[in-house]
Amino acid sequence: MESLIIVLVGVLTTVAIYLVLSKNVVRVILGTAILSHAVHLLILSMGGLKLGTVPLLGEEAVNYVDALPQALILTAIVISFAVTAFILVLAYRAYQELGTDNLGAMRGSDDE
Amino acid sequence: MIDTILTIALSLFILAIILALYRIIRGPSMPDRVVALDMIGVNLISGVAVFSVVLSTHAFLEVILIVGILAFISTLALARFVERGDIVEHKHNR
Amino acid sequence: MSINIIGEYFGVFLILIGSMMAVISAIGIIRLPDVYTRSHAATKSSTLAVLLSLSGTFIYFWATENFISVRLLLGITFVFLTAPVSGHLLTRAAYRSNVKLANASTEDALEKLFKK
Amino acid sequence: MYLLILTILIPFFFSALIPLIHNRVGSIHLGWLVLLVPLVLFSIFTAQIPAISNSDILMQTVHWIPSLGINFTVYLDGLSLIMALLITGMGALVVLYSIYYLSPSDSFPHFYAYLLLFMGAMLGIVLSDNLLVLYVFWELTSISSFLLIAFWYHRKNSRYGAQKSLLITVFGGFGMLAGFLMLHSMTGTFSIREIIATIAQYTDHALFYPAMFLILLGAFTKSAQFPFHIWLPDAMEAPTPVSAYLHSATMVKAGIYLVARFTPIFAGNAAWFWTVTLVGLVTLFWGAYCAVRQTDLKALLAYSTISQLGLIMSLFGLGSAALHFGDGEQGALYGLAIFAALFHMVNHSTFKGALFMVVGIVDHQVGTRDIRRLGGLMAALPITFTFAVIGSFSMAGLPFLNGFLSKEMFFTASVNAAGLPVFGAPTWGLVIPIIAWVASVFTFVYCMIFVFRTFFGTPHLKKADRKPVEPTLGMLVSPAILCVFIIGLFFAPNLLGDYLLRPALNGILPGISGATPHISAWHGFNTELFMTLGIVVIGTVLFLTLRSWIKIIRLQPAGWTFTAVYNSFLKNLKKASNWITTHYMTGHLPSYFAYIFMFFILIAGGTLIYTGALSIDLTSDSPISVYEGLLAAVMAIAAISILFAKSHLAAILLNGVLGFSIAIFFVLFRAPDLALTQLVIETVTTVLFLLCFLFLPEWTAEDSSKRTKLRNALIAIGAGVTITLIGLTVNSGKLFDSISGYFENSYELTGGDNIVNAILGDFRAFDTMLESLVLFIAGLGVYTLIRLKLGKGSGKDEHQ
Amino acid sequence: MMNNILVLPMLLPIIVGVLLIFLRTYGRIQAWISLIAMALTAGISGYLLQKVQTDGIIRLDFGGWEPPFGILFVADSFAVLLVLTSSIITAICLSYALISTSKELQTMYFYPTVLFLIAGVNGSFLTGDLFNLFVCFEVMLLSSYVLLTLGNSKRQLREAIKYVSINIVSSWFFLVALAFLYGAIGTLNMAHLADRVAEVGQTPLLTTISIVFLIVFSLKAGLLLYFWLPGSYSSPPIVTSALFGALLTKVGIYALFRVFSLIFHHQPEITHTVIGIMAALTLIGGSLGAISFNDLRSIAAYNVVVAVGFILVGLAIATPAAIEGSIYYIIHDMVAKALLFLLIGTMITLSGTSKMAGMSGLMKNYPLLGWSFFIAMLSLAGIPPLSGFIGKVLISSAAIDNGSYVLLALSLLSSIFVLYSLLRVFKNCFWGETIVSKEEQLPLRRGVLIPCLVLVGLTILIGLGTEIMSPYVTDAAETLVNPSVYIDAVLGKIQ
Amino acid sequence: MNINDVILKTVSKAVVLIILTFGIYLFFSGHNQPGGGFIGGLVIASAFVLMFLSYDSETVSEALPIDFKKLSGLGVLLAMTSGIAPMFLGGAFLSQSFGYFDLPIFGKTELATVTIFEAGIALTVIGVVVNIILSISEDE
């Protein structure tokens, strides 16, 4: 299962990086969103999957899954949300001011 | 026996999701896609419920309700978007 | 066969039916010709599928652990409350964003009302 | 008693004082006040002569950075003393001269502040025992020279010359620093004394020769040796007193001093001998050759300075042979060259100082320094003319002037070198006297040009030029004093030789006691005398036929000078670097990402394979259920479909599918908290996307070329594969158990049943707190992004 | 728990920053409060530095959870020195902002964001937990995003998109690396990681993971992967640029030093060689960039790049002397870069353009500004006896001892390029004919130069008073070279 | 073109109520069940989002005259205060404590300081999410 998830992470990463490499700002943002999906899965799979029960002590099992990655992912999710929100707004403000959402047109030529 | 049935049920739900996914990918119109997404949300509710049965845990019952709530909110937002692009109105009686 | 086992099997049976309903409605969403008809499949039969599987789950837990889940009941209520609304909004949005009816449709009843 | 250290600090102190006091003192009196500094210092150093000539040595230390062995150790021996006397003596004369030279519109405080700064730095160089402290002062002289050259910074040429001199000398300085550090690396100390004492053990060290060459690089750049001489002519943009002081008498001698100082460390081998000698000789020749064709008096003097510096340098090279032989007759014989070098160094300061002051007077009184316009000034400026004759003839090496003596000794040394039995000199040694002789012919010619073109014939002055008259007396005092020295040293050279030069020689060649040099004007009819006679004859002929052959020399195209090489180097460097930089720093984000990911693939993937880390083992995996596989398929399909989405709404929907599917994975992998969070966040994100889409245009198909798309696809696949492979490898061999077992006691430790929540709220509450802060900042950012709309109509906000 | 003071360099700015939200409309009051807060922070850091000298490494376990289970702050000399310097620099930049920042920015949460930025920076220096380092990075980055866009000019928005995107990707790499490391080693505490890595002797896999970390921190530090740097450093308001130039890359550099001297130091023939190559390329790229533009802010930005390469040369060599040199150089660079950016900002304000062609002869009207720039120039070129010298000497010396002659040559040559790039500015902008007459010149706003002069004083003081700093820096370098000191202090093993 | 949203608005009222209740429940159950400050806050925020969707930003702002930026600031402060407080009681920064009390009605109840911390987090989350959405939707 872990290997399957890691391969899935690889697929998601590939897709995301392809998007990130594109010229359109929205595609780039979408790419970063998918990148964060991928890495969350990766962190989870690195802690080992399905080796125990839900990390709630009320479940009274002998063995719980690794709770630490879950906590880390939670933090990471919230942070990536914050960043995504910011860059989204940034993108549309940039579009308002610059009149383009094409990164090819955002090279900037301030110096000769 | 029960496990087999539940696995079949889960697989069927996921199958339904795949079919809906096909509709999302194909379109052709935006509302088609939203309808399909709504359906995925509904199937997810069922899926999580069944999975709770598989694991016989209560930990995911919150998830069911949340999926319900969020499927509604996102469908609403998407419908708004499809309808008029502006999903939150600025003023009433504009 | 105790009442518990019966309940358990009943619950699982409901779930199975629900899953089949889900697949059927999914087929509907693929096969039906336009968004309005697909919306039927999505809202009506899907809701039924959810109802069945959630009830199944509820009954299963009740039967096996004697656990009555308020959250499941709330979930059922919620789905029933919202599914029609979202279906309504969606089809209206579709209509107003000028999504065409299927060719097989014979009449557009709202045409006169909206196209002013 | 920290007298010596005080002597270094006093100029700095006064230099810092000038901006504070100049308003009260007034510009004119400032010069007199400043004059006190070199005078006092000069008398202090003079007072040390008896002690030093008895081979005493003064040493004082103040700690600077003792933990790194960098101490402010001041050391006065013969060599330092002679340099210190030159610096302070010339300093006094130049300050005196400048009082009359500067015009009231010039900024006196700046001038004197820089000059004192320079004086202190120069004293620091010659008195420091610590290599790094020496380097500190070394750079300070470059900086003060830079400031003085650009004294009239509104002139383009001044700025150009200043930049050139700074770049070249600092370049050499950095080389020298590297050399010093190599010495330190070899010997473990920064103290020159200690290095001299122990260097014998390290001559086979791999760093010995690199250090030598790097230090010589520093010396050569500072002393304007070929091919680094190009900064010196441009440095003539400085006020003439500065040229007299820094660029002929003292600062350029810092390189000479350095060579002298390091002779006991590095000399005694062929590399040092030939490098120093040849560079010196080539400089000697090239300087003299270039001087001949100059039309600006100052430029002529500048090239002559280069040439003379080359002469002194080559003498140090020739003298270094003494260290090969050590104590004894041979050592003493070759050691004489160094004695000659020291002597000529002093002589050069006197006659070149005088000549510069003469040029200053001419420039000041006439308003031009162009030979083509000057002439016939003898009648108008008789005193100045006398000085010019004395200085020039001394430089040309004519009798009854000190230049004659040292020139003769130079020929002696070069003839001796031809007979040197080692260093391959038997084959090549003859080159040395030949070059020396040819260069001296040119020297003679330009000296004649200097005198006769300026003071004989008829002037071609323009109306704007002033009518020449002798300057005020004050301006004549300094050159007069120098001329007294020029003549005096001819008649009593051994006074200088016994009290100053010999102690200095002992400092340079500590082991060679046999040398008891005695300077005399008459050696009989030997090779040297015939060489001199030959110079006078041939030189006179050449000078008289100047007009016919000077044109040939001037035919040399403008682009064939070293200065042109320097200019085009800088220009092309800027062009090339601009080309390179703008070609990869395109401002094009996709390219940047492409670089970053390619780098990742290359380096991380490379390491993975190179170190042989890659190993995949699937046995420890947990089993896969059908529905999990299906869900993974859903995600993969949804992800890939995003690439082909026609509208951004479709893409967002598919992203939503991904988000929901991940939530389901979180459910499947027993992470309810994550599933909840992921679901809500996904929805809110989708809502945000939708909100922003109102303002954003519908996306169009990528307009990239097929090749770009293919490249992107390859990069994406490469990065994906790399991540997957590393992930699989990690998964195959866990090295340790996780620490998370501890958290399963969360009920006892924190009173919570939900382990994840206990971690978030208690064990790692700090993360959670900061994460809420991150969210908070993002909220502020979104708000300011939307609300702050300065952009329109106020262009100045672009920059401030 | 007296060690609670350890959290203050991060906590104090946060609290004050949040409180300032409620004082939004009072621009000047905000400025003063934040200035006082930073001064306090600097004071606390100074106290900490002294305490570390006497008591050794201090640590604070948050919530009282013993490492490696909880998060903790660890103060060794290296971290505290950087905290102290960055706090001082921030205070100085804030005092500049007090005079130069427009009303609009002040009421748009400029000060809170700066405080959050410094909180993130200080947190990154102090934290002893790798995941917490990620979170601190994010605090810093988010603040930097906000600061970068504050003003919303076209150029800012354009550059911000690039900056934010690249940083998102670099944060993603960070998470990926963390995931791998956690998967392999099963812990997040840096000392514990170091201990465990040492126990298995840094397997090839761990080296690969360390390379991923290298990429992450290189992106943050601008080591070779500095594509985001010139654009983003040259577009925001000047105080922001100064803060960025002085602080942001230093955090990445700190992380590189920490991680590659504490955790992944067992395979230097791979990791440190790669760092060396990257540093060399950075020096080349930065040097070329610095001389290739006529825009003052671009020149300054590429100077930042050169400094990054220079400092990392020290890490690549990794002898005690080299590390010590790097530490000196980091501190120097914080001071000198802040000074450079502030001066350039002042010049731009005075002449209304950032192009060299638009300025000439400023020396005549603003001599103090000119001399400050002159000293900044010499300091950056490593001319003695200013602050850049000692670091340069130590690094070069270590390069010689280590036989890294290429690095030696490049670092010395890069100094020439730095000198040349700034010399061009000085020559063209300060010297030359004064275009603007005395009457027409823009008056320098009162007090604008005071922060600059303070920085000038600092750079001279650091250069002359190296001996005063030397025990701290030596101690910092020793701790970095002997990771066991750090590990023992954190994990409390009996030695 | 006026859209008649009666159905939506009516249903929303009920649904928002359900969501809010559920959000508060999640917040408090976090200690022992899935949930907690973040999730609780997010769910409550999503109730606000729903309100914005069904009504319009002005109506909601009138109904809830809160400056959400300040709310989020308060949240951060609250979270930090709960961390700072133990510093004055001799504990380490962010020390949490818990205890069991016999309360009249609830019986044996566990009270933990972490709840204050979580409340701060929840407030921040609500404030920020609502603030972001409000800011965007109010942009002209």
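In this document, chain identifiers A, B, C, D, E and F correspond to the written order of the chains, with residue numbering beginning at 1 in each.
Note that a contact is a pair of C-beta atoms (placed from the backbone, for glycine too) under 8 Å apart; a residue touches a chain by one contact, two chains touch by 3 or more.
The chain list, named the UniProt way, goes like this: B = Na(+)/H(+) antiporter subunit F; F = Na(+)/H(+) antiporter subunit B.
All of these numbers come straight from a predicted model, not from anything done at the bench.
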Next on the checklist: According to the touch definition, list the chains common to the neighbour sets of chain B and chain C.
Outcome noted: F
Next on the checklist: Show me the overlap between the contact partners of chain C and those of chain F.
Outcome noted: B
Checklist entry - Which pair wins on C-beta contacts, D-E or B-D? => result D-E
Checklist outcome for this item: One chain's C-alpha mean falls closest to the whole-protein C-alpha mean, and that chain is E
Next on the checklist: So, comparing C-alpha centroids, which chain is the farthest one from chain B?
Outcome noted: D
Next on the checklist: From the C-alpha centres, identify the chain that is farthest from chain A.
Outcome noted: D
Checklist entry - Where the CA atoms of chain A average out and where those of chain B average out, how many Å apart are those spots? => result 21
Checklist outcome for this item: Taking each chain's mean CA coordinate, chain A and chain D are separated, in whole Å, by 49
Next on the checklist: Distance between chain C and chain D based on Cα centroids, please, to the nearest Å.
Outcome noted: 80
Checklist entry - If you average the CA atoms of chain A and of chain E, how far apart do the two points sit, in angstrom? => result 28
Checklist outcome for this item: Among all residues of chain B, those touching at least two other chains are 10, 13, 15, 17, 30, 34, 55, 59-60, 62-63, 65-66, 69-70, 72-73, 76-78, 80, 82-83, 86-88
Checklist outcome for this item: Going by residue number, chain E touches two or more other chains at 14, 18, 21, 62-63, 131, 135, 138, 142, 145-146, 149, 152-155, 161-162, 165, 169, 176, 179-180, 182-183, 188, 231, 293
Checklist entry - Considering chain F alone, which of its residues make contact with at least two other chains? => result 8, 15, 18, 22, 26, 32-35, 38, 43, 46, 49, 53, 69, 73, 76, 80, 83, 93-94, 96, 125, 128, 132-133, 135-138
Item to check | Set of all touching chain pairs, with the criterion as stated earlier | outcome: A-B, A-D, A-E, A-F, B-C, B-D, B-F, C-F, D-E, D-F, E-F
Checklist outcome for this item: As the complex stands, chain A meets chain E at residues 20, 25, 28, 32, 35-36, 39, 42-43, 45-47, 68-69, 72, 75-76, 79, 82-83, 86-87, 90-91, 93-94, 97-98, 103, 106, 108, 110-112
Checklist outcome for this item: So, in the complex, the side of chain C touching chain B is made of residues 8-9, 11-13, 15-16, 18-20, 22-23, 25-27, 29-30, 35, 38-39, 41-43, 46-47, 49-50, 53-54, 56-57, 60-61, 64-65, 67, 69, 71-72, 74-75, 78-79, 82-83, 85-87, 89-94, 96-97, 99
Checklist entry - For chain F, which residues are in contact with chain E within the complex? => result 69-70, 73, 76-77, 80, 83-84, 87, 90-96
Checklist outcome for this item: Interface with chain D, chain B side, in the complex: residues 7, 10-11, 13-15, 17-18, 21, 24-25, 27, 30, 33-34, 37, 40-41, 44, 47-48, 51, 55, 59-60, 62-63, 66-67, 70, 73-74, 77-78, 80-82, 85-88
Next on the checklist: For the complex, give me every residue of chain F touching chain C.
Outcome noted: 7-8, 11, 14-15, 18, 22
